[in-house]
Every structure is written in C-alpha cells, then in structure tokens.
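Structure in structure tokens, see below.
Note that the chains take the letters A, B, C and D in the order they are written out, and that residue 1 is the start of every chain.
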Amino acid sequence: MEMELQAMYVQILALVIFAIGIIVAVSRRNVFFVLMGVELALNAVNLSFVGFAKTLPADLSIAGQIVPLFTIAVAAAEACVGLAMVIMIFRNRESVDSNDFSNLKG
Amino acid sequence: MLALIYFIILGVIAVGSALCVLLSKHPLYGALSLVVSMLSLAGIYGLLGSPFIGVVQIMVYAGAIIMLLTFVIMVLNAGRDSKTPRFDKVSLFVIPAAIVLAGLVGFVMVRSGIAFDATTLRGSVKLTSETLFNTAQEGPGYFVLFEVIGLLLLSSMGAAVLMAKKRLGTDNEEEK
Amino acid sequence: MTNLPLWFIPLFPLIGCIVLGAIALISSGSKKGPSEGFVGALSVLFPALAFASVVLLSFNMPEGGIRATLCNWIDIPMFKVDIGFLFDALSRIMLLFVTGIGTLIAIYSIGYMHGDRGFARFFAYINLFLFSMIVLVLSDSLLLTFLGWEGVGLCSYLLIGFWNHDINNCKAANKAFIVNRVGDIGFLLGMLILCVVGGSTILNYDALTSFISSIAAGGYAEGADVVKAFFNALFTGTFTPDIVVPILSIAGLCFFIGCTGKSAQIPLLTWLPDAMAGPTPVSALIHAATMVTSGVYLLARLSTMFVQIPVILDVITWVGLLTAFWAAVAGLFQNDIKKVLAYSTVSQLGYMFMAAGVAAFDSSIFHVFTHAFFKAALFLGAGAVIHSLAGEQDMRKMGGLLKKTPVTACVMIFAFLAIVGFPGFAGFWSKDLILERLYMSGPMGPFFYVGGLLTAVITAVYMGRLIVLTFFGSYRGSKESEAHIHEAPATMLIPMVVLAFGAVFAGWLWADSMGIKYFEEMLAPVVGAAQAVLPHNAAHVNPMVFAGLGTLAALFGMGIAWAKWGKARIPAAKGSSAPQGKMATWTFFWDYVHGVVVTVVDAIAWFVDNFVDKIVQFAQWLVASIAEILGDGVASFQVRKVRLQIALSLAGVVALVIVVLLTGGLI
Amino acid sequence: MLLHLLVLAPFVAAILMVATSKEDPKSSSRLAFLFAIAFFGMSIALIAGGNQSTEAIEWFRIPGAKGPVYYYLYSHGLGAWMVLLSTGLSLVALITARNTTCKNYRNFAIGIFALMGAMNGTFLAADAVLFFFFFEAMVIPAAVLIAGFGGKDRAKAAMTFAIYTLVGSAPMMVALWYLISQADSGVLLSLVIALQNMPEGVQTAILVCFLLAFMVKTPIFPFHGWQAISYSEAPAPLSAILTGAMSKAGVFGFIAWIIPIFPVNVSVYNTLMWLGLLTALYGALMALRATDAKKLLAFSSMGHLGLAVAGVFSLSEAMLPAVLVLLVAHGISAGAQFLLMGIGERMTGTRELDKLGGLARVTPVFGSLFGFVAILALAIPGTAGFVGEFTVLLSLWDMGPLPALVAGLCIILSAAYMLRFVQKVIFGEQKCEVTGTRMTALEGSSIGIMGVLLLVFGMHPAFITNALHLFDDQAIEAMAKLTNALPATADEVDENGAAPSSIPGVDAEADENVADDNVADVAVPMTEEDFRQLDSNLAANGFSEEERANLIAQLKAMEAEDSAEAAAPAAAEEGGNK
C-alpha cells in the first residue's frame, strides 16, 4: 500500500481534536478554558467537514467547503456573546469558576 | 507522500497544542496554544485543497476570536486558576467517556472505508465566492444564509454590547 | 271585515308591549317619567283593539272555526312544526274574556298604578302577558301553545316581582316561575311522548284528534299495564304498538302535571298564594281570571285524548276534589284579604278540574268563564279597598267600609253572591252544573258530589267572613288612617262595575235548570264528541234537586259566617297577617312538601359542591403533585455542577453509540 | 378566498394592530372595530355562500406520515356558524373591552385577533393535522390574555388553563400521528379508510385519545377542572369568547372529527351521552351553589354544553340541527351574559353575588338588558335556546325516556339558578355603589342586538338549520383526490367514506381490503332495522333526504343481487374475489 494521505487520517485527526476539545470544555472549571474547548471542538468539526467534502465528486464537494465558513462565523458570534456573559458574571460574582455559575438551576 | 509528511507534522502540532490547552494552568497560555493549534489546522486546510477556509481560519479564529479572548482574560485579570485543580472528580467521567466515544466512532469510521475523490473541486476564493453569492440558481441558495449570518453577527454584537454596558452603568452608580 | 287575519289579535298587544317597553326604557333615565295619560291611553288601546278584533271575528266565525297557518317554525328531521292559529268555539270564548277582562283591568290599572315609577314598564308587561295568553289559546298546535304557556309564566314572574326592590317579592316571583317550570317540563315531556308515538305532526290539535280517533277506532289493548309499559319504555326506549294507549296515558299525565303547575293544583299550588305579592290588578288578571285557567283550557283542548285514558281522568278528579277542599279550608285561616281570594281561586280551580275529570269539559269551561268575572271583580274590589286604606291588606284592621266605599262594597257583595252560588248569580249556574255532572259521573259520583257540596259550604263561610270583616261592623284600624279612607277613582270603579254585571248575569248563558243551553251548544263542536265517549250514569235526577241543595249550601255557609263574625267583637290585630299554629300547618302543608324537595336538591348540590367537586379537585391535585414530585426528583439530578451534567450526557451518548453498534444500527 | 381571509387575515390584523398607539385606546379601538366588523361581515358571507372549500395546498410533511399535511379549508354549515360566533363575539368583546382595559386596549385587541384566527382555523380546517394545529394554537393567545388582563388569580388561572388543555390534547397528538402514519393524508376520508383497516382495539384506543382532547376542551365532567377558574378570572369579554366560541371547539370536534370517522362504538358513545348528562346536572348543581357571578355563568355554560354533547351522542336523526341551534343559542346568550356581567363588575367593582344587588334601580337600562338576556338564557319558547333544548330533548328521547327526564331536570334547575342570579344581581336592596364607567350606548345596543338575534332564531330557526349540509359530493370528491388508496368514484366514497359508521355489516367485512371491497360482498343480509338505522345515521351526518333515499335504494338493490348470487357455489365466488 502506497503511503499517501488518506481521507481517513483527516477524520481521525478531527476526532482526536474533537475529543480533546470536549475534554477541555467539560473537565476544566475555568470558564475561559470552557470557551476554548468549545472552539477546539468546533474546529475539529470544520476539519471533518472539509475532509468529507474531499471524498465527494465535483460539484457535490463545494457544500462541504462552504459550511465551515458559516461555522466560523457562528463561532465568532458565540465567542462574542459568551465573553460578554463572562464579563457580566465575573462582575457579579468575582469568579471564573463555572461551578459557581448556577443561576439556571431551579 | 510529501502531503502525508506535511500532514503528520501539522497534525502532531495541532494535537500537541490542543493537549497544551488541556494541560495549561493559566488561560493565557491556553489561548496561545490554541492559536498554534488553529494555525496548524489552517495549514491542513491548505493541504487538503481548501485554501480559502484556511485563510479565513487564520483571520477569524487566530486573528479575532483568540485576540478577543486574550484581551478579556487580561482585562479581567482573573485568569489565574490556581485555587481550582485542573482535574477533579468530573474528569473521571469525562476523559474516559470522551476517549471511548472517540474510539468507538473511529472504529466505525475506519471500517467504513472512505477515500478522496479525484474530481473534487479546489475550494479557491473564486469558486467559493461564486457559489456563495450565486443568486441565479434555484432556491434561496447560500446567499440568504449568508445574509442571515450577517444579521446574527450584528445581533450578537448588539447583545454583547448591551450586556457589558448595562453592567458597567450600574457599577458607576454603585460607586457614586 | 270577515277576513280579518287571525294574527291581528296577538299582534296588537305585541306592538303595545314593544312600544311601551321602549317608552319605559327610554324614560328610565329621566326623573319624572313619561306622561301617565299618554302611556295609559296606549296601554288600553292595544288590548282594546285586540278585543275588538276578537269580537269582529266571533260574529263571523263559521261552525268549524277558522284555521290559518302563518309560516313554518321549526323544520328539522323528525320535527316539523308550523306556526298556525285556530279560532274555534273554545278559543273564541277564551279570547273574548281574556281580551275583554284584560282591557278592563288595563283601565283599572291606570288608576291603581298612578304615580308608580314603573308605570310604563307595568303596562308593557301587561301587554306582553296578553300577547302570550292570546297565543296560548289561539294556537293550533301544542308547541305554539307552549310558547304562550311559558310566556304567561314569564309575565307572571315579571309582574309578581314587579316591585323588585323588596327581596320577598323576588322570591315569590322566583317560586312562581320555578314551580311553573316543573309543570312546564311535564308539558314538554308530554309533547315529546306524543312526537314519539305519532310524529311531530300530531302536535297539531286537528291532527291529534284524528290520530286519537284512528286509534280508538282500531281498538287497543284495554287492560294493558300502564306502569309496566312505562318502565319498559323507560329502560328500553322502545315503543310497541300495543302500548300506545298506556303511553298516551303517560303523556296525558305529563300534560296534567303541566296543568297543575299553571293552574295551581296539588301538588304544585304553593306559588299562587305567594304570587299575591304582585300589584292587585295583576292578581285579578293573571292569578284569577286568565292565566291560571289555562290548565283547564288545555284539558278541554285535549279532551279527545283524555277521554281515551280514563285512568288519568280519575286522577284529575281526585286532584281537583282534594285541591278544592284543601284550599277552601286554608282560605278560612287567612287574614290577608288577597290571600283569602288566592285560596278561593285555587279552590274554584279545583272545581273546574273536577268537572274536567268527569269529562264535563263544557261545564268546566263555563265555570272558567263565570269565575273570570266574579273573581276579577272580587280582586279589583279588594284592590280598591287596599288602595283606599293606603296599602293595608289585613282584614282584621278593616271593617265598616260599606258606608265609606259604597260602590266597592256593592261590587264585592255581588261578586260574593256569585262565588258562593246564590241563586241567579253567575257562580250558581256554573257550580250547580259541575255538581250535577259530578253526581252523574259514575259509581263514585255521589261521593264527589258530597265533597263538592261540602266545599261549597266552606266557600260560603270564608267568603262570608271576608265580606263581614271588611265591610260590616266598625272600623278597626288606627284613627289617623280612618280619615284618609276614600272611594277609588272612576278609572278603577268603572271596570269593577262592568265586571260586577258580568258576575251577576254571565251565568244566564247556560242556565241549565231553566233550560237555557246556549253555552253548551256553542262549545259542542269542540268538546261534544269527546264528552259523548264516556258513559254517564243513566239515573236521572231532577235538576231542581241539585239547585235546591246548592242554594241551601250557600245559605248555610253564609249563615255560619254571619253568626261567627257578624256580631263578634274582633280584637285589633297585632303582628303579621299570616296564620299561626295549626292553621299555619294546614296552610303551608304543601310548602313543607316543596321545602323537602328543595332541601333535597340543596343537599345534593351541597354534596356535589363539597364532595364530588373536592374529589375531582383532589384527583387533579394528585396528578399535579405526582408530576411535581417526579419533576423534583428529576430536578435533583440537576446538580449545581453544569459540567457534571455535560459529563453525564456524554456518558449517555457513549452508551447510545454502544447500543447502536451492538444492535447493528437503527432498524 | 373568503376562507383564507377568515383564517389568515385575523393574524395580519393582529400584526397591524401593533402599529397603533398603545396609550390611546380610542384610536386603536377604531381600527380594531373596523377589522372586527370586516371579519363579522365575512363570516356572514361565508354562511350565505354555503359549502365551499379551498385548494389543498401541500404544507409540510411529518416524519413517519405517509402523506403531506395540507393547508386545506372547508366550510360547512356547522363550521360557518361557529365562525360567525367567533367573529361576532370578538366584535362585541372588543366593543365592551374599550372601557374595561383602557390602557392596554391595543394589546388586548392583538390577543383577540390572534385568538379569532386560531378559532376560525379550527372550525374551517379540513385536514386533521391543520385542525389540531389550530386547536392547540387557540390556547396560547387565550392563556396570554388571561394572564395579562385577568383578575386577582390570573397567573394561576392562565397556568391551569394552558396546562390542562394542552395536556388534554397531548394523547390526541400521539393518536393523530399514528393515524396519519397509516392514512394517506390528514383529510377526513383517508382517516376513515385508515381506521377501517385497523383492529378494533386500536380503533378504540385512538377514539379514546381523540375524545379526551375534546372532553377537556368542552369541558365534560370530570375534566372540567380548568373551566371555572379560567372563566371567572379571565376578563369578561374574553370569557364571553371562551365560552361562546372556543368551548364549542370541543363539541365541534365531536361532531366533525369523531362521529364521521370512527365506526360506531355503541358503548363508548352511550357512556359519553351519560357523561354529557352528568355534566349538565353537575353544572346546574354547582351553579346553584356558586357565590361568584362569573363562576355561576361558567357552570351554567358547562351545563348547557353537557346537554349539547349528550345530544350529539344520542346519534338521532335530528341531532345535528338540534345541537347546532343549541350551540348557537348558547354561544350568543352565554356570551351576552358574560359581557353584561363584565360591565356589572366594572360598575360595582365586585362579582360576589352577595355584594351585588339592586342594580335595576340604579341603572335601569342595564338592569332591563340583564333581565332580558337572562330570560333568553332560560330557554323560554320563542328564543333560540328553546328550539335547541327542545330538539335536543327530542333526540335524547331516541335513547329512551330516562335521558330525556334527566335533561328535563337540568332545565328545571337551570331556571332555579338563573333566577337566583338575576335576583341577586339586579333586584333587591342596593348593596354597592356604582363607581365605574356605566354601560355605554354602543355596548348596550350591541348586546341588545344579540338578544334580538336570539328571538329571531327562536322564531325562525331555519336561518340556522338550512345552512347545514356537512359533506356534499364536491367536498367528498375533492377529499377523494387526496386519498390514493381509493378509486375516486363518488358512490363508493359515500358508502365507505363519509358514513362508514352507518353500515355495520360492511365494517366487519371491509376490514381486509376496503379499496377493492364492494358493498355487495356483505355476507350478512341487512334487515329493515339496519336500513332504518343507516338512514338516521346518514341524516345525522348531514345527508339530505334525497341522497339518503338514493343510497338506501342502491344498497337494497345490491342486497337483492347478493342473495341471488348466494345460490352460486361459494368456492367459485371466493376464487373470483382472489
């Protein structure tokens, strides 16, 4: 078997980054890390999109390369609002520990 | 062959810096590692034949989002997370679960046997923008979506400004 | 003028009602109210027009009557009824005195209601009442009669509660309406039964008559068990042809229940004495002369049906007898002048039902006719007395009014002689006739006769008491009030005098023992055939014997009254005019019975409110709390740690993926 | 076009109302009146125009369903009259609300228009999913209005109302989903065919789910828990709409979405008739004991609707017109009473019966109107209420005298509580000061017109009953087009479709393959009794006399052929069928 770049490798890389992103987002308590973890996971998904797009013939492959653009835009919006919230909450509570954020609990 | 080598190098950097994010103590370090990870991912995009996404990735992620993050961390000056441990009991769930999940999905994917297609189009700026702004095609296409995203960005910006501003205002009053 | 349309008759009072109602409504804002002269003229005009059209039609009526179908009313599958009018001998006689007396009483009311704030409203109601009453007697189908039937009940409600700021009047009005409603449901069910037996067409009187005669001609299961058939129908809902007659009996009973409600017979009679809370002209018009006799009218109208169901006729006779006797005794105990007259009305209605019960429908209608005159005269006289005494109704505080209000006294005394059956006066002829028919009715005849005669004696006693206490002796009220006693104005006196004439002479239309049978011949086309169905006692007795016995009874009763109250010094009354002690027990016996029913309903309502509803609420609460507890239980997983949540959901995803992999994917 | 306007334009009107001034009720009320009058006029045109339908437009697809959901409206006499009630009551409600909800009149009007659109949709939808959509959508504006404009306990009332009714229809949603996963589409005919192919147990389960939703909405004992509190806490104009038009959606559901599509299930229907009677009794008894004027009216409504439901499930020939007249009469009279009570509450500031009294002397016009409307509600002959109650009683008598007797008892009790109500509110000593805004001429005349309408319908109910013709050939053909499994010949549609319930023999046989099954295959010969029942059932479903006669003649002819064929060897026939 020739040592060429396989579509599978891209997906596996995406998977690994995604897993790390999830772990960062969930297991770290600092909200900044939570945000960063989410960004990582989103990036992994983008990568996966592009990787899959390249397995499709001609015209069909465009969609998979357009969608990441939107994802990036949404991620930007998310970061924007998320950081604003962090500022707000921090001013209220003087803390960045997500364990202290439980306003939504009934 | 060459592509594979580049890919392995970039992939290792990406994964490594991602792990740095996971393990770093101070969020500032985390943010910097994240930038590295993003950059290497941008390289992979280029490698895969989607240079436009790679460029956008650098500009938006590395340029804007992470900058924003960094600024906020610095402004708040509350980034130090020394009191809280990096991993706690929850991590006992999360890490194995995520690894198992990744393993399972990977297992399935490996067996599915996907391969690159030779006829696939290169995601150049020209092609991308033509597809994005093509209003002639049937149905609404991406154009409307693009506009909607614009709106989303605008509104999220507005929301962010409102939230931050209101809090600042009350702070001032309290000071008085 | 011969082809004057029938619908003109009800139309006039209806217009009157609308016009006067509009005046009342518009003027309600102003302080002074509308001009009484104008309103009074209008309110007499419309009944008078109706009366005039009835008279015109009466002269030109062909033998078989006039029928006119106006339009379709209800037209749905299974049920088609037209609005139509039937002007025959029976409705003619009813209409004549309804509109005639209605007009007279409208004139009287102008004087009586003078200065009342609700002047226009009162006459609007009176006109509405006349409209309903005319529809009741003029309609050619049971359903339209029912419209009038409930319409008069409604007007009765409105007029009893006319002075509605006193809550007691309202309660009396409510009672009248609700008790009548019970009877009305009887009427309604009767109609339903007829519909089921013969389709909606037989609600029409003519069709009903032919239907009944076809059944009678076809023969029917004579001895069929009515009760069994009824329960069979009740639970299975099926009607086999051989139980048509028993079913008809049930229908007849239902109609009779309707009649007991409207005509204040046992057991639905308690509302009539209470109804005296209304203005006196109302008592005269509605609760003496016209509305309460509509039950008798209905029996006569359905005579063809009733003679086929003798069981129910027996029931009617018994109820009539008991009512007549009971009410007469209760009349003895009353001190309120209007209450005496109310019980007297109930008692006289009992007579009419007895007559109807022995299939003497013509004589019962005749009594309705004469009774309308003398009872209206009595009530109007009582109204004049109350008017002159500024609202005093207790007879124990009256006395010696003969000299102060001579015209009123004369009118009342003439009417009194008529009601006790003094020879020559109206009541004599009609009551005599009823007693005679009772005697001839069959094996039980003599018993009924004795009961009727005894009641006649008591009637003479309590009416004598009323006259003696009111007009003879010396005045027992306070000195100040004595100075104000005055004769009523002319608008009140003229109708009274006219009615008194009627009370004296109306009986001569059918002076049976003198051989004058004009009234009987007139009614013969309507009820004659029906009355011939049932066999009569063959033994013929000289009518003079009955006349003599009747006269004796009247004289005897008057003698008792004079002996007991004529000379005695009656202490000035204190406290309420209601009877006390045993008298109260007798008077209010049926009120107690009704009270039990009302209490039972109240108790059920209380039970429903406090138990059933609580159980439902409890069940609701239970479901809600279970949901809440479950929710709380689930919410307790909702630990403060957001991250733990996500971790758990992640674990869940893993589990799901494993399951999917192991089972080989979705089906 | 009219149908589209009636359903969609109210929502547009609601949006347009946003543009008016929030502070000035005068200007916003002018626009609102204008809209409401326009809708009212349209609904009259709808009734005058007879049966009509729109093109079926494919709306969306539900996962698991065979066919798409159509935006498909169809108006028959029943629905058109209900629409009239909804628009008419909304108009009067908007008029009386001007002096009640001064400041927020605009928002109130928005809510009312949204509610009106949803109600119209419910009454006009010809697709089950569309019907359900509007059926649920009604709840939201109503609950919001209760929460925004209600009395003291408004939050609780709105919550109870919303949760109760939404939970009540949740089983229906599941059942409906299952049903359309089996049927070709949501139109009536497809549902009928799908149901016929199901085993009996499943049919019953779906039936019960459907019934539950309608029982909660009507409401029928014991699912009435939400009613008293919602009606009494809601602002009076809204209560008038709720009871006058919205509660009719339940009864409408029974008539339009249960009886035509489900095969007759005697035990369930009998139970429902008795439940209806029980509700009537219960409502009357509770009304006797109510101390809150609006609660009294709420229970009175419950009693009347119970009677209507009992009438529906008597399945008599006279049922449909009888119930329709009863519903219209009740809608108008109960609506008018609620509106009047709202004005009374505005004037005196209380709705406790013991604190009211003597209003007839202080405000004679109000008192007269109040008495007038109460008398109309008593079902005096000559009013529409009487025609309705009497004919419903007649239908009930078909099931035996006992139901009719119970209904008669309810009528007696209704007189008792209604008179008590009148006495407590307008008669007797004056107990409270009149401080609020008095009844305006506009309010008085609009309510007066409602009363006069009741009299007109009472003397000439043909106005109402003539409009009735549930499913005509055109509609059935149109529905058949949306139903693939069916060869769309009108005849067969008639027999298998619109009145499946009526052919007991066919139902049993037709289970295997409806599309191919011919009526002539019926093995069990139909007796005269069957024909009679069929006839009355057809009539109950709105077939005219002529059509019924035709159908029965056809059936009889087939019957004759069948018995002739029976002589031939059975095996040959079976072979031929397969």
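Just so it is clear, a residue touches a chain if its C-beta (ideal position, glycine included) is under 8 Å from a C-beta of that chain, and two chains touch if they have at least 3 such contacts.
The structure presented is a predicted model; accordingly, all values stated were derived computationally and were not measured.
The chain pair with the larger count of C-beta pairs in contact, out of A-C and A-B, is A-B.
Closest to the middle of the protein, by Cα centroid, lies chain D.
As a whole-number value, the distance joining the C-alpha centres of chain B and chain D reads 56 Å. Centroid to centroid, with C-alpha atoms defining each point, chain A and chain C lie 88 Å apart. Inter-chain centre distance (chain A to chain B, centres taken as mean C-alpha positions): 5 Å. Chain centres here are Cα means. That of chain A falls 53 Å from that of chain D. Multi-chain contact residues, meaning those touching two or more other chains, occur in chain B at positions 90, 94, 98, 101, 105. Contact with two or more other chains is made by residues 22, 26-27, 29, 99 of chain A. Contact with two or more other chains is made by residues 641, 643, 646-647, 650 of chain C. All chain pairs in contact, by the document's touch criterion: A-B, A-C, B-C, C-D. Interface residues of chain D facing chain C in the complex, by the touch rule stated above, are 221-222, 224-225, 282, 285-286, 288-289, 316-318, 321-322, 358, 360-361, 364-365, 368, 375, 380-382, 386-387, 390-391, 393-395, 397-402, 404-405, 408-409, 411-413, 415-416, 419-420, 423, 426-430, 459-462, 465, 539.
The part of chain B that touches chain A in the complex is made up of residues 1, 3-4, 7, 11, 14-15, 18-19, 21-22, 27, 30-31, 34, 37-38, 41, 44-45, 47-50, 52-53, 56-57, 60-61, 64-65, 68-69, 72-73, 76, 78-79, 81, 83-84, 86-88, 90-91, 94-95, 98-99, 101-102, 105-106, 109-110, 114-117, 119-121, 123, 127-128, 131-132, 142, 145-146, 149, 152-153, 156-157, 159-161, 163-164, 167, 171. Listed in rising order, the residues of chain C touching chain D in the complex are 24-25, 28-29, 71-79, 83, 143, 146-147, 149-151, 154, 157, 161, 164-167, 170-171, 173-174, 177-178, 181-182, 185, 188-189, 192-193, 195-196, 233-237, 601-602, 604-606, 608-609, 612-613, 616-617, 619-620. Chain B meets chain C in the complex at residues 90, 93-94, 97-98, 100-101, 104-105, 108. Taken in their complex, chain A has these residues touching chain B: 2-13, 15-24, 26-30, 32-33, 35-37, 39-40, 43, 46-47, 50-59, 61-62, 65-66, 68-70, 72-81, 83-88, 90-92, 94-97, 99.
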